[in-house]
Each structure stands twice: as structure tokens, then as C-alpha cells.
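Read the structure below first, then the notes.
We call the chains A, B, C and D, going by the order they appear; numbering starts again at 1 in every chain.
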Amino acid sequence: QGMIFTAATWGALSSQTATAELDRESWTKQPGKPFSNYGSPSDYEKKVIRWIMANDDAPGNGVSWTPLHELEGIVTPSGLHFERHHNGVPAIDPERHRLLIHGLVKRPLTFSVSDILQYPMQSRLCFIECGGNSNAGWRSEPIQTQVGYFHGMASCSEWTGVPLSVVLQEAGIKGRAKWIIAEGGDASMMNISLPLDKALDDCLLALYQNGERLRAENGYPLRLLVPGWEGVLNVKWLKRLHLAAKPVMARNETAKYTELLPSGKARQFSFVMEPKSVITHPSFGHRLDRHGLYQISGLAWSGRGKIAKVEVSADGGKSWAEAELQEPVLPKCFTRFRIPWRWQGQDVVLKSRAFDEAGAVQPERAELIARRGRHGYFHYNAIVSWAITEAGEISHVYL
Amino acid sequence: QGMIFTAATWGALSSQTATAELDRESWTKQPGKPFSNYGSPSDYEKKVIRWIMANDDAPGNGVSWTPLHELEGIVTPSGLHFERHHNGVPAIDPERHRLLIHGLVKRPLTFSVSDILQYPMQSRLCFIECGGNSNAGWRSEPIQTQVGYFHGMASCSEWTGVPLSVVLQEAGIKGRAKWIIAEGGDASMMNISLPLDKALDDCLLALYQNGERLRAENGYPLRLLVPGWEGVLNVKWLKRLHLAAKPVMARNETAKYTELLPSGKARQFSFVMEPKSVITHPSFGHRLDRHGLYQISGLAWSGRGKIAKVEVSADGGKSWAEAELQEPVLPKCFTRFRIPWRWQGQDVVLKSRAFDEAGAVQPERAELIARRGRHGYFHYNAIVSWAITEAGEISHVYL
Amino acid sequence: MVVADELIGPGLGLQAPPEMLKQWNRDVFPDGTGLPLGRGTVREGETVYRAHCIGCHGSEGRGGSAEELAGAEHSLIDDPPDKTIGTYWPYATTLFDFTRRSMPLSNPGSLTDDQVYAVTAYLLYLNRIIGPDDEMNAQLLPAVVMPNQDGFIDNYRRDD
Amino acid sequence: MVVADELIGPGLGLQAPPEMLKQWNRDVFPDGTGLPLGRGTVREGETVYRAHCIGCHGSEGRGGSAEELAGAEHSLIDDPPDKTIGTYWPYATTLFDFTRRSMPLSNPGSLTDDQVYAVTAYLLYLNRIIGPDDEMNAQLLPAVVMPNQDGFIDNYRRDD
């Protein structure tokens, strides 16, 4: 028993491979780094990234995923908010950007960004989820990848902006208007149709994300926030709102973001993101290296309102226990659930299922496929199952 | 009336100086930037920074301020969370870091960071405010500076970590223990005494900040979170918890973070951050360039619990109106308040005052000074007054 | 619907001038609303396609680094189904709307309206919807009946 | 107080070895608990001060880039008050605790315990609390009565 303790003496089972110091560690013996005007994550957390899946010939076309398996709580740091771009991130000069409201309005109007910043604002914590999130679930073999690279086209931020109803009132809505075609000011100038009743209900012209102005990749200087509805409607770099009697039938509401059913017909205007939950800890890529007490932790959300309940099963769905929901539980917002669990080294299958306040329940995969077939691509929200072997290895399974 | 519209045609009063394009703007004609593994703010928002006030001869000694005047909502992005360092930001290798719990415990224990990550966690949105925040308010002349550089030693994040009570239970608290001396693992190895009852009530060993692991400048890999109590207790880079019968009487609980009263006696162990509010929009540095409707927006918080009410005055305190509180209103958390206000170009003085659920009220400056004198330095929480001239210029005044 | 007379905002919006409304409004509806003047033939479209599209979408729209635009070999009820413009898209106007605003991806907005009509015609031809000698313009395009026109169920009005 | 018998956590803490407890515990309490062996005189302290402290705290502790450590000219009830170690600090042990853990700022942890005793003695001397021939050690330091020892009101137990 000397002056230096190695792992064998007081290192823990799996992680304490390094020798622990009795003397002051090097970083306590010299001044640390100075202050910074804007911080970034620890150098030791460089592996925590958005994972990029883009088109080699079109590097601005694709997605990058939020690493949900590395995160805790409900806020997604803006640097890790998922991205979906059709043609890259535009570098928009906010002084030159304008929002145009026209079509079935009494007064077609333009607004500069500094104008909109003077309007009354609201904030809400709210998730945005791509309609294509979790689509690997439709595959016939369960994908083996970290939670974030499977379900991480969903992120949650505090958004602040101007209620869309305020600027629409100023323009004066004509009676025949039933839809709003929103258009983005990026190189793809993406357009999509949003029902007017939703626009007037709870949509925001979002200017701030997690306290600061929007990140470029999340729509700077202005984006549409459509709480609880699929990501593609939350038009980034918002440039134009066209009030119309009918939807425009844009490429992204016909060719894409529609779900082909086994009948050959396709669901269109499938806006609401249905309840979903996933256990993030433990999950694929983690490994249980000891027996004993664990905290199962995960995320649940629903586009219909608040999460009412999350149940967790440790026996592949035979029995379920209600998890604790971390306060605050907010509508259309990530909700963190947690439940203690004792692992004695047995084979187990962990599952979670979400219930929302509107009465919707996250389905088993077989149920979802019975309803939708396997070629709908969008709106996959089935229960996720993690199998854990006696060795503590975790894989994704279909049950 | 040609193809190009200048400010005179459809530019707004103050901001639309640039000519607006009829053609597609340059950024809509070429692919934008590719995806990024970790994002950062827009290049057009580079002015939104933590403002650094450090010692030239000791660049790691000082503070940097959250620019509250640039932010909205309640979350502070981690890159802008205020900093207070005594000797810089250590670059701690998480594999080599250990937490030691000792003193009046049955079993002195050490934990690696990866051990602590396996403990049951909780999350909460919660402010941290330095006891020295807003101290310019003690000066005889009102400081003329942006809100963030006056009140921005306060920030608000979602923190996730392990309840301190869980690891203390494991160590086994001896009956005589009444205090915990916490020590940081930076070059200043700052120590401070925390009452054990608070430690068992709601303190966390925080591991995550706004979803991701702590930033280095906020204590990576482990910090103490002491909800509602002054910042210095929220020991960063937490290395040691020493259970004791009495406080250690460290430099930062005697020479500093005590408030000298006019009597010559000083308040010690003044832990709770009393209710405070400040109007962030409009405020010093902004300018009103038009008459009409504005939204007054600001932040309120209290270390005693939830904000119960915020009142705003536009006549220097003669009359008050209740502001709307943005949901969710959470205990010991920033609360955003907002109220509409019509400005017709008259001279006005805006004020806000916070009431908390424990019954505490933010005092007028004269009241605070009557109680504390002008040399306490810490715990300044008086009402802030902004005078607006007919020209729309805003200054900080004492009334 | 908002009916209040008094503004709930500060009223900073400026009247949008007619030229702006005309130039900015790029939306093309199934009934042809929004289509500009101009025309283009399948043959002209083939030239446009070879110059501006083939690099990503491949010869005859069979796909490349970007997705296929034609060439379905079987139907929507096969497993897997074969979704292309010809088998899946409900409206031909969508092709004009999308191409004009977003394509070619490397140089969006660079085609003339005639070129967009032409390449639209060519893609409809490749999908066996119109003939090799046809052309497209503001009258003909909305009149095209797409095979999958009735293939969609409005899920917003009847939530499942 | 936690009294439950069954652990609420996974119980991963490891017994801390005695050497670690000894080496890591740097806390020095007013009653002297935590003070190490060793000693140092005012005169030795002056040498330490000139070598390691004067650059920031100035000659005789009158302040420089870092704050003054001595030299109060008036009292705590003057306006403005004059707060220094001599007029404000309640315990001499704090000086040892802080200096050993945090100073010199440019090279913390570099002094021997003897050097810390010595510079503590020197600072107490500069503040007119001990004489020029005095020394400090684990017995003498906690016995020093600081002028402002009774200057503090416990605000936690009596909240205002």
C-alpha cells in the first residue's frame, strides 16, 4: 500500500483504469484557460456530435442527427439540434431578408426582421421532429445503431417568437382563405401548405432558440414553428406566407412526406407527430458492466399535447410499470421519464410506451405495420425494444 | 416605381435601409453551407457575447457576463452562461477526476465520474446567480451599461445530475455533521461551507447542462448545483465533500461573499438569492425609434421558489400593472414576464418588481440601502428604473 | 379567424408593392394558378435535361447521386412498391413548381420559364404520360391527368 | 437526515484509502483542525512574500494587480470602509487555508507548509496582529485573535 492507488485498490469495476493522484492534479497547479466570449463543449466530449448523412454530390442535401444517447434532460443544445436541409444552410443577411404575407389577405404586407423583433412574443419549450424520423424501423431487420442515429431527427428547444396570428390579423385574412403556403429563403426555396386553423392556433414566427437568436441551420433569421406537427412544416429561413383556398400540392406534400399504404393509396397531410418514446439509457452502444441498480431513462413526446404516462417493461412487454415523469411536463415537448431497475445479469428485453393526454398510445411495431404496411417511410412511432444479454450487451430487436 | 424598391418605397421606419431584392437573393441561387457536427451562432450575431472583465495580470481571475439584453425566453445558451473563475478554467481529464466524500461519514468514499453517471438522476431548470451580481447598483451614480453587463452574472439552464442525498446516504452521515465543505478541482481549489440540510433538500451533483455534459467553464466534469442559493456555493469541478460539524470559514465565506453593514458588522452565510427582476426590452442600449405599441419583456427570479407576480410601472412607480408570466413558471428559475405598452413619445420611467411565492418582494433601491448601507457589495436586488426621453433614448436612473 | 378591429401588434408591416407580389410569388397550384407565360417541348426538354440534370438524376431519369425521376417497373402495391413521378405524383404542376424553385440543385433559379416547361414536358414523357412530340405551357400543364391523381387520402380531415 | 437502510443508489463508491484522506483534505478550521506540521517566522515570511507575492499584491501588501492584503487606514464604519485582513477577516486560519490552496495564483500548491506558515505570519505582522519576531505553527495560528472576530452575523439562522 504505497502513495499511489491503482485501479486494483480503489478503482471501480469498469472505468477506473487510470491511476488516481494523491498529489494535486496537474490542472490544479497552474492557472486554467482564460474567459471566452462564447463557449464550446469540453475537449473531452468531442465525440458528442450530430452525425451527418448527406448526399456526396450535394453536401447540403441530407440530415444530421441529434445524439440522444449522449444527452440527458429535455433541452437539446442548439449546436446539436438535428438538421434537415434540402440544399444547404444559407448565409442570410438579416438586413436584406423580408417576410411577405400575401394572397387571400386584405393588405399584402412585408416585414423586415427588425420589424418583427418589435412584435409581442411568446416562448415555449417544444420539440421538432422530422416526419422521416425513426424510419429505419420499417426495415425488415432491426437497425443496430445508437438511439440518436435512429430517433435523433427530433430535438427540443425553447423557442421564442411572434404568434403568427398577430401578423395575419394585421394583413387581414379573407374569408376564403383556408391554407397558408409557407416558403423558405434557402436555395431550395422549399414551399409547403399549412392549414390556416393551425396557423391561428399556436404557430410562431420564431426568432430565438434556447435564449439566443436562431442558429443559421435552424432558420436564421426567421422560421415557422408549428408545435407538434411534422418538421417539414416548420419552414426555416421563412420568406413568404401565401394565403390560399387550397393547398399548393408542393413536392414535399405529395411526392414526399406522404405515406403509401398497402392499398396503394397514400396518407397525405399527416401532420401530427403521434406519441413516441424511447429508452436512451441503457440503449444500443452502451454496455452493462455490473449487476445491481440502474436508472432507466428516456424521452417521450407527442404532437397532440402532454405526455400523460410512460410505461416501461423489462420482460419484453409481458408486464409494465409506470415511469416517473420529470417535471415540467409540457405539451408538445420532450418529457424525460425515469424508473429504477435492478439487473441481476439475466437476459431481458426493455421497452417503453408513451400515452398522451389526447388518449393516443404508442403502438407495438406489429400493430403499426398492420395498419400502415412497411413502405410508408414517414411517421414511424412504434415501441422500441432493447435486448440485453447476460454479458450486458445491448441490441435492438423486434418483438 | 421601377423593379427595385428602396427604403423610401417599402422600407420601414428605422431598419429597412438596405434595398430589398425582387430577384432571388444571392443565397437562394447557390447551395448553402454543408451540415456541421456541432453548430455555432450565425455570423451575423457575433456581437452577442459574454463580456469579459478579468485581471490583466491574472487572465483567469474575473467574470464574464451573460448578455441578457440580447436574449429572450428563459434558457441561457451554455456558450453564454456567465463565468466566475478564481484562477481560470481547468482542462480536467474526466478519467482522472475523483470525487471524495469524507469527514463525519461512516464510510469515506471515492467516485469516478463514470460511476456517478450510473446513479439515478433528476433534471431541473434553474438559475445560478453570483452573489456579486448587479453590484454596480451600490454605486452613487447609476451605471450606464447594457442589462447583461449589470445583471448578467445570472444565467438559467436545465441541469441534470444525481441528488446529493443519494451519495451522502451511501457514505452514511454521522449525527454530528451539520455542514459540508465543498472543494473544487481547479487551480484555486476553492472551498466553501454548505449547510447539510440544504444539501439533503435539493442539491444535485450536476453532470449535464442544457442536455449535454457540462461545459468546462461551468464545472466539467462535475459541479455542485445549489438551487436558488448564491453562485459561489455551486462549486465547479467538484472534487471533495467534507462533512463537518462547523463551517470551515474559508476566504470566500468570510473575506468575500459577506455583506458589511453600516453598523460595522457583516452578514455571513447570506445564501438565498432574493427576488429580482429587470426589464430587458426595452433597456439601456436600445432606442425607441417610433411611437406605438411595444412589448415590455423582462426576467424575474427568486431563490425562495416560484415567482408569484411581476408588476411593471411606466410612471416611475406611481402606478403598477401586473405583467403576464410566461409558462412554465418554475421554482428557483428564470421567469419571463411580458406586458404590452403604448408609447406616445412622452418622458417615462419604466420599472419592474418581483414578488415570490414565499412572500418576499423586490425592494426599491432606497429601501435596500436603508437596510444594508452602500458597502455590502453582494446581494443587490433593488428595482431597476429605465428613463426614456422623448427622443426614445434610454438611461438607467435611480428614483 | 381573427376579426378584432384594433391591431394586436404594432402594425409595422408595409404595403407590398405589386411588382414584388408578382416576382416573389412562385407557387403553382394544380389548377394552373401561378404558371407563367412560356412553353417548351419534350425535345427541347431533353436538351435541357442533358445539360443540367443528367449529372445527378442519370440518363433518362433512371437515378444517379440524386433520385430516379422515371422508370417505374412495377406498381405501388408491389412489395417493394415503385414510386416515381409516373406512378406516384398526383399533379403535373408540382413538377413545374419544384423544378423552377429548387432545380438544378447546383444552380437553382438559373433556368428560364421556357426551359422549365420543356424539362417538365420531358420528364412527363419519360414517365409515359405525354408523347414525344408534345409540349407544355400554362394551359396544357394543369390539364395533364396524372396516373396517381386519386391516390391520396386527406389525413388531416380524417385523422387515423 | 437519511436513515434508510437500503441504498437508494447503485453503491459504486469505493472505500477511500487513509493516505488519500490525509493528502486530499486541505481544509483548515478556525480551531486549527487540518493544520499540518511545520512553522515559519515573520522574517522568513517576508522572504517568501518578496519572492512569490509582491508582484501582484505589492510592497507590504498594499495592493497591485491583485488586492491589498494590509494597510487599512481607517475602519469598517467609515465611508467608504477599509476592509483588509486586519480589519475584516475573522480567523487567521483562513489565511493559511486560502494561501496553501490558491496562492501564489501563478503557481498554486508550490509552497511548502513552512513557507505558508511563514507568509501567513508575515501578513499577520503587516496587519499589526503579531510582532516582527513572532512565528506561526499549528498551535499558535488558531490562537491568534483577529480584531474583527466578532464582526459577523449568521444570516442563515436568522434570515432578514
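Note that contacts are C-beta pairs under 8 Å (C-beta built on N, C-alpha and C of every residue); 3 or more make two chains touch, one makes a residue touch a chain.
Values in this document were obtained by computation on a predicted structure and should not be read as measured data.
Set side by side, B-D and B-C show the greater C-beta contact count at B-D.
Rounded to whole angstrom, the centroid-to-centroid distance between chain A and chain C, based on C-alpha atoms, equals 29 Å. Taking each chain's centre as the average of its CA atoms, chain A and chain D sit 51 Å apart. Of all residues in chain A, those that touch two or more other chains are 10-12, 16, 20, 24, 28-31, 58, 87, 110-111, 115, 118-120, 187, 189, 293-294. Touching two or more other chains at once are residues 7, 9-12, 14-16, 20, 24, 105-106, 108-109 of chain C. If touching chains are joined by edges, the resulting network of the protein chains shown has some other shape, matching none of path, cycle, star or complete graph. Of all possible chain pairs, the ones that touch are A-B, A-C, A-D, B-C, B-D. Those residues of chain B lying in contact with chain A across their complex are 10-12, 14-18, 20-21, 24-25, 27-45, 48-52, 54, 58-60, 62-64, 70-81, 83, 85, 87-98, 110-115, 118-125, 157-160, 185-187, 189, 207-208, 210-218, 220-221, 293-295, 297, 326-328, 330, 336, 338, 340. Those residues of chain D that touch chain A in the complex are listed here as 7, 9-12, 14-17, 19-20, 23-24, 105-110. By the touch criterion stated above, chain B contacts chain C in their complex at residues 1, 3, 5, 9-13, 16, 20, 22-24, 28-31, 290, 292-294.
Partner chain C is touched in their complex by these residues of chain A: 55-58, 61, 86-87, 100-103, 107-111, 115, 118-120, 162, 165-171, 173, 175, 181, 183, 187-191, 195, 200, 239-240, 242, 244, 246, 248-251, 254-255, 258, 260-272, 371, 374-375. Looking at the complex, you find that chain C touches chain A at residues 1-2, 4, 7-16, 20-21, 24-30, 55-56, 64-66, 75-77, 79-81, 83, 85, 88-91, 93-94, 97-98, 101-102, 105-106, 108-109, 151-157, 159-160.
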